[in-house]
Amino acid sequence: MWQTIFSLVMVTQTIRISIPYILASIGGTFSERGGVINIGLEGMILNGAFCAVLATWYTGNAWAGVIAAVIGGALTALIHAVVSIRYKANQIISGVAINLFAVGITKFILKIVFHSSSNSERVAGLPLWKIPIIDRIPVINTIFSTPLILLTLGIIILSHILIFKTPFGLRLRSCGEHPQASDTLGVKVNLMRYSGVLISGALAGLGGGWLSLDQHCFTDGMSGGRGFIALAAMIFGKWTPLGATGAALLFGFAEALQIQLQSAGVKIPTQFVQMIPYLLTLVVLASAIGRAVPPAADGIPYEPSED
Amino acid sequence: MIKREKLLEIFTPLLAVIAAFLVGGIFILIIGQNPIFIYGKLFSGTLGNPYGIAQVLFKATPLIFTGLAVAFAFRAGLFNIGCEGQLYIGSFLAAYLGFTLVGLPGFLLIPLCILGGMVGGALWAGIPGILKAKRGAHEVITTIMMNFIALALTNYLIVRYFHMPETVHTQSIALVARIPRLSTIFPKFSGSPLNYSFFLALLACFIVYYILWKTSLGYELRAVGLSPSASEYGGINIPKSVILTMAISGALAGLVGVNYVMGYKYYFEQGFAGGVGFMGIAVALLGRNTPIGVILAALLFGLLSFGGLIINAYVPKELVEILQAIVIIFVIASSKPFRDYIMKLKKKTLAQGIAGTSKE
Amino acid sequence: RKEEEVEATLRVGLVFDVGGRGDKSFNDSAYRGLEKAKEDLGIYYEYIEPGEGSDRESGLRMLAYQNFDLIFGIGFMFSDDITHIAREFPEKKFACVDYTVQPGREIPSNLAALKFREEEGSYLVGALAGLLTKTNKLGFVGGMDIPLIHRFESGYKAGVRRANPKATILVGYAGVTGEAFKNPAKGKEIALSQYGQGVDIVYHASGSTGLGVFEAAREKKVLAIGVDSDQYHEAPGYILTSMVKRVNNSVYNTIKDTIAGQFKGGVHIFGLKEDGVGYVYDENNRDLIPDEVRKKVEELKAQIIAGEIEVPRE
Amino acid sequence: MTERVVEMRHITKRFPRVVANDDVNFRVHSGEIHALVGENGAGKSTLMKILYGLYQKDGGQILIRGKEIDLSSPSVAIEQGIGMVHQHFMLIPPFTVAENVILGREPKRGKIFNDRKKATQDIRGLSKRYGLIIDPEAKIQDLSVGLQQRVEIIKVLYRGAEILIMDEPTAVLTPQEVEELFTIMHSLKREGKTIIFITHKLKEVREISDWVTVMRDGRVVGVVKTEETTEEELARFMVGREVLLKVEKGPSQIGEVVLRAKDLEALSDRGLPTLKGVSFEIRAGEILGIAGVEGNGQTELVEVLTGLRKVKKGRIVLGGKEVTNASPRMIFESGVAHIPEDRHKRGLILEYSVEDNLILGHHYKPPVRKRLLRLNFKRISENARNLIKRFDIRPANKELLVSSLSGGNQQKVIVARELSRHPWLLIASQPTRGVDIGAIEFIHKKILEERERGKAVLLVSAELSEVMSLSDRILVMYEGRIVGEVDPKKTKEEEIGLMMTGATQQVASSK
């Protein structure tokens, strides 16, 4: 049994399951590093997934879907950004509303366009790339033949560089720690926060795009709580892209493990196996490793000066 | 001026709701329907007849409980996103007591089941409370995780031990544990499962109001919500009040089971709540975290929720979800312009010279 | 709209199960029955898609209040509500797909309880899979972990064992909430994991989650078995067969009987005998199923119909 | 004659409750150090924030080097060569010095990346040139307050500022650090920079500035050349009347030991040792003053004594009862009242009304609480009416939110509440910080009354003159230790000041 559990299949499966977690949790990292809590990741994933299918359906080209997923996620995030940055509303409530909105709007349009309450038509998917030699190496071949996995890999590295090595990242992080200080140095706090939230939406949307394009269809509510897991991964990863990736992979692994344990006929009831990722999160949050300090100004609307 | 502020504070959410309906109208137009006709249907179907009214009240009942739970925690500075999980555990416990303690007379069993619901919810909310108080784990994440665990756990209990054959619900609770429907005294309500737990919800609102604003406990909890460090200075035990707040909040959420298990289906059914816990967050906020506000907001959401079914034949009922989201967004977004406007008023009066005298 | 309603031979209302119209399996099957009745019999219909739990009862009641003559509830979750409402509206006719019979609860005479023997159909596709597997490994993907789905699983397993005692069956459930019926990504991963372990045919009973199972089959170029409706078109070439549950027929026939004044309350069972369940064998998949295999399965079918084989339900 | 680099004309700035700047004219010439003085709330910081583009003026004109400039944001100010060292540091604790300095003006490598090397080099260059020694790679949270201030100055210089605004830069420094700062300011002046320097300490004005502008109540009430004025004259300008800061202290009866602290050791919020073995006693009828530069463990000492912080080691005995690591409530029950140093963070619940704040700490027991946890509202308003009258809290409206009161009146609410407890021991920490002169006099009077009633008082204050004038005995704290005990009547301020820097250690003489 242990052989199957720690097989190469497991590794690729862990990666595949983790993709939306990775993208959304890195997205969350951008948002919260800039000082805006993003509970709405779930809704952004869902909208991204839907936009991907919609665009692919109309154009017949899955790459158009990828772009639409990014845009769809970002547009959803824009609502969150305007409400919480421009109007300084409670960011958690705004996120909850975003999630509700996404559930409603996707199903609404699903009915109008696809005349269905649960599924879209099947759409084209992304091609698998065949690269001669690499193709024979297990795991690596999955990564390099699946465009979105490769893209995610790039995003992980790019995000790390962007957040920790560039002026943009420095400014973004400063807005999440001490926006007053940033403001006094001429950093446009709202601009940075808007970018953080929009990037988070774009990435979460892309995560949704992966979900739906990999299935070649959109299913009502297909985000299935992944946004919340991503949130936990972001915290577990201490608000860093690499950390979030690691945590996302861990959650992905927990899920893959759960699938393996089920099919291996392990006697633990499925319900308890299903709990693993959530219990893991709780344990992590309650233990010493989980006691990460969020950006100091995370969730606090920035009141520029006097009023 | 004070009066104008109060008026504005009442009218801003109202305006936001109206604006949300206008935007919703655009969605209706998009699918080629007449908004006036649809809204007409929605309101006549919900408020135009006794059954509709009863249904709105019935739908509002669980929302009052969860809205109250969120509002209560919010007043004490905590965000309880876990009502969904808490209400499942609470409801399960209520049902469990209801069908195991069958020998007991009603006057014992009913309070016991209600208590069971509260205890279940309190326990489930207490865990994030303890994690927060002792380990500093943020309650937003932990309560979300507890939701998933609660769903899995109740599913396990139902599927492995307590389900009636071929169903996903438990056996029925004892006859004496059932809470009568209002239609027994108002025959016009017949058909609606509206039951006495609606009054329990109102009572809960009053009790929460009483605790928060009339007792030293409420004084402490609100103080912790407003300023933990000042509360600590004032001799208030913060960890204790965090745990207590979560427990009370969870107990309120657990009362949802009274409406559903004891007043409607008479059994616990997997997945019955359908997001009532999450909606509670919106209800609390819309009600500005006051008990009266929670009642009004719950009625609005109850109306929309039942109205969705009525207009289902003409427009996708998801319109209602969109409408609810827009209402929330408009209401929270309007409070900043509202504050700004008040500030401007104040500044203007200051500029007019009334100010010179008011300094120190 | 009003006009067609007035002229209609019968006014039919229907309340869907979770998933609603367009789920490409269970609900859509019921919907096809409605559509066919409209075309052939000239009925008028309206349907409702409930949101949360109490909407089921309110939906049924709403239709009953309006002047609908026959009202359907689709799914076992309706059993309680529709029983009550049928009693309340004795002048109207009701029908419930997958009705759960409870000891001590009498079924009103104006309520037709339409029950299917999914385990029998599952048994046959299980046998088919058992006969066709080359790896002696088969898979089952369930949606939510509940008794109804267990029935599919147990029938399937029994069929496999009967046809191929050497075969092992890997089982995976997508989750423990209603979401588990609409999580194709999870379905795909479970199926991929099963295929990865050498499984060559996977049967699913998981609503939209099954669409993911089909995607996995396409990707791995192996076979899957559909459920409820004929799901061939979801992944042409990769669907070995589908365990069809002829909800459409039961809906259509109930409507027809009602128009003819022959509505009968009480339990109606649709098993293999009644042709209420079965497996798809047509021009699409004929090439995948050799004649001798088909013959063996048909034999088993005959045995079940004859009562010689009792298919386990749990 | 030098250029007039800054000219602010008829500046008006209104806040919802006050007019912070009322037709203010302010001008500064190039190459001078110009002091800006005035009481709390006079409008100094507001004026400077307008100059730095952080606040927008409601009326008036600003000319920089003779040209009218619309200072719509700090970026504009930075472009104009204006830099500001804020009263509350604008530093990001988890960032390094270099990151804080370059933020918003990052040197780039390959057009994309932050050029760390260049940043470090630039900072080293500035360090050398102005004598601002600092490690560019150190994290702000690991630096002392004095070093943090250096970072602030480097930040400003890094942006090529010619005009430096320094808002109360000395308030948080040790005398030693103040001297270092002045050296730096002189070297800046030599390099041709112009400095606007806000302070409350008239001695510093004399020592460093060339010109002084005095503000009162949002208006400029005087512009004078430093060498042509005296401290007395400036004080009169500031307050608008003759000031007599001498406190009238009557005799008192020293009694029993009320509090005994032995070998107290405690950690700071960041887990570093801040109390390193503090021992002392307080007797009834005396005011024991604790002098020291902020950040030397006084805050932690008070928190330890009031149960807000746990001790690692040591014992606290209160009236014969052990209260080491007892809860704040238990300590309060044993007869301790506490005026906390930060009234916004600790002392008040700003969103509560005055009457509700007046019961904080005894809200949970009779007579404020009745049966079933019910609050006794009659009692609460009676209590409020009483205290408002006795302590002259203005406006006399018990239902107002305490946040809408002025700082002085907020402080009076705390003092009223704490003294109404009839404590055996009053622990007063920075009791007059940020309050106006009238309130200071009042609070001093109340503290002395407690002493005359035979109560013990522990007074902690960064204002040396306050400690000197009120205390019967003074302990000097430095780096978590008590480095000396002095008799205020027999000791000069300078001597204590020196002890506060750790320069001289004196064995506690009374024991």
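Per-chain residue numbering starts at 1, and chain names A, B, C and D are given in the order in which the chains are listed.
Operating definition for what follows: contacts are C-beta pairs under 8 Å (C-beta built on N, C-alpha and C of every residue); 3 or more make two chains touch, one makes a residue touch a chain.
These numbers were taken from a predicted model, which means no experiment stands behind them.
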{"item": "Interface with more contacting C-beta pairs, comparing B-D to A-D", "value": "B-D"}
{"item": "Length of the line joining the C-alpha centres of subunit A and subunit D, rounded to whole Å", "value": "45"}
{"item": "Distance between chain centroids, defined by C-alpha means - subunit A, subunit B (Å)", "value": "29"}
{"item": "Rounded Å distance, subunit A centre to subunit C centre (Cα mean)", "value": "35"}
{"item": "Subunit A residues counted as touching two or more neighbouring chains", "value": "117, 225, 271, 274, 307"}
{"item": "Contacts with two or more other chains, residues of subunit D listed in rising order", "value": "15-16"}
{"item": "Subunit C residues counted as touching two or more neighbouring chains", "value": "49, 145, 176"}
{"item": "All touching chain pairs, where touch follows the definition stated at the start", "value": "A-B, A-C, A-D, B-C, B-D"}
{"item": "For the subunit A and subunit C complex, residues of the former touching the latter", "value": "4, 7, 9, 13, 16-17, 20, 110, 114-119, 122, 211, 214-217, 219-222, 224-225, 255-256, 259-260, 262-265, 270-271, 274"}
{"item": "Complex interface listing, subunit D residues touching subunit A", "value": "15-16, 49, 52, 54-56, 73-75, 78, 84, 86, 90-95, 99-100, 102-106, 108, 112-114, 155, 159"}
{"item": "Footprint of subunit B on subunit A - complex, ascending", "value": "39, 79, 82-83, 86-90, 92-94, 96-101, 103-105, 107-108, 111-112, 117, 225, 228, 231-232, 235, 269, 271-272, 274-275, 278-279, 281-282, 285-287, 290-291, 294, 307"}
{"item": "Residue ranges of subunit B touching subunit D (in the complex, touch as defined)", "value": "214-217, 219-220, 222-223, 226-227, 229-237, 343, 346-347, 350-351, 355-356, 358-360"}
{"item": "Contact footprint of subunit A on subunit B as seen in their complex", "value": "27, 30-31, 79, 81, 131, 135-138, 140-142, 144-146, 148-149, 152-153, 155-156, 159-160, 278, 281-282, 285, 316, 318-326, 328-329, 332-337, 340, 343"}
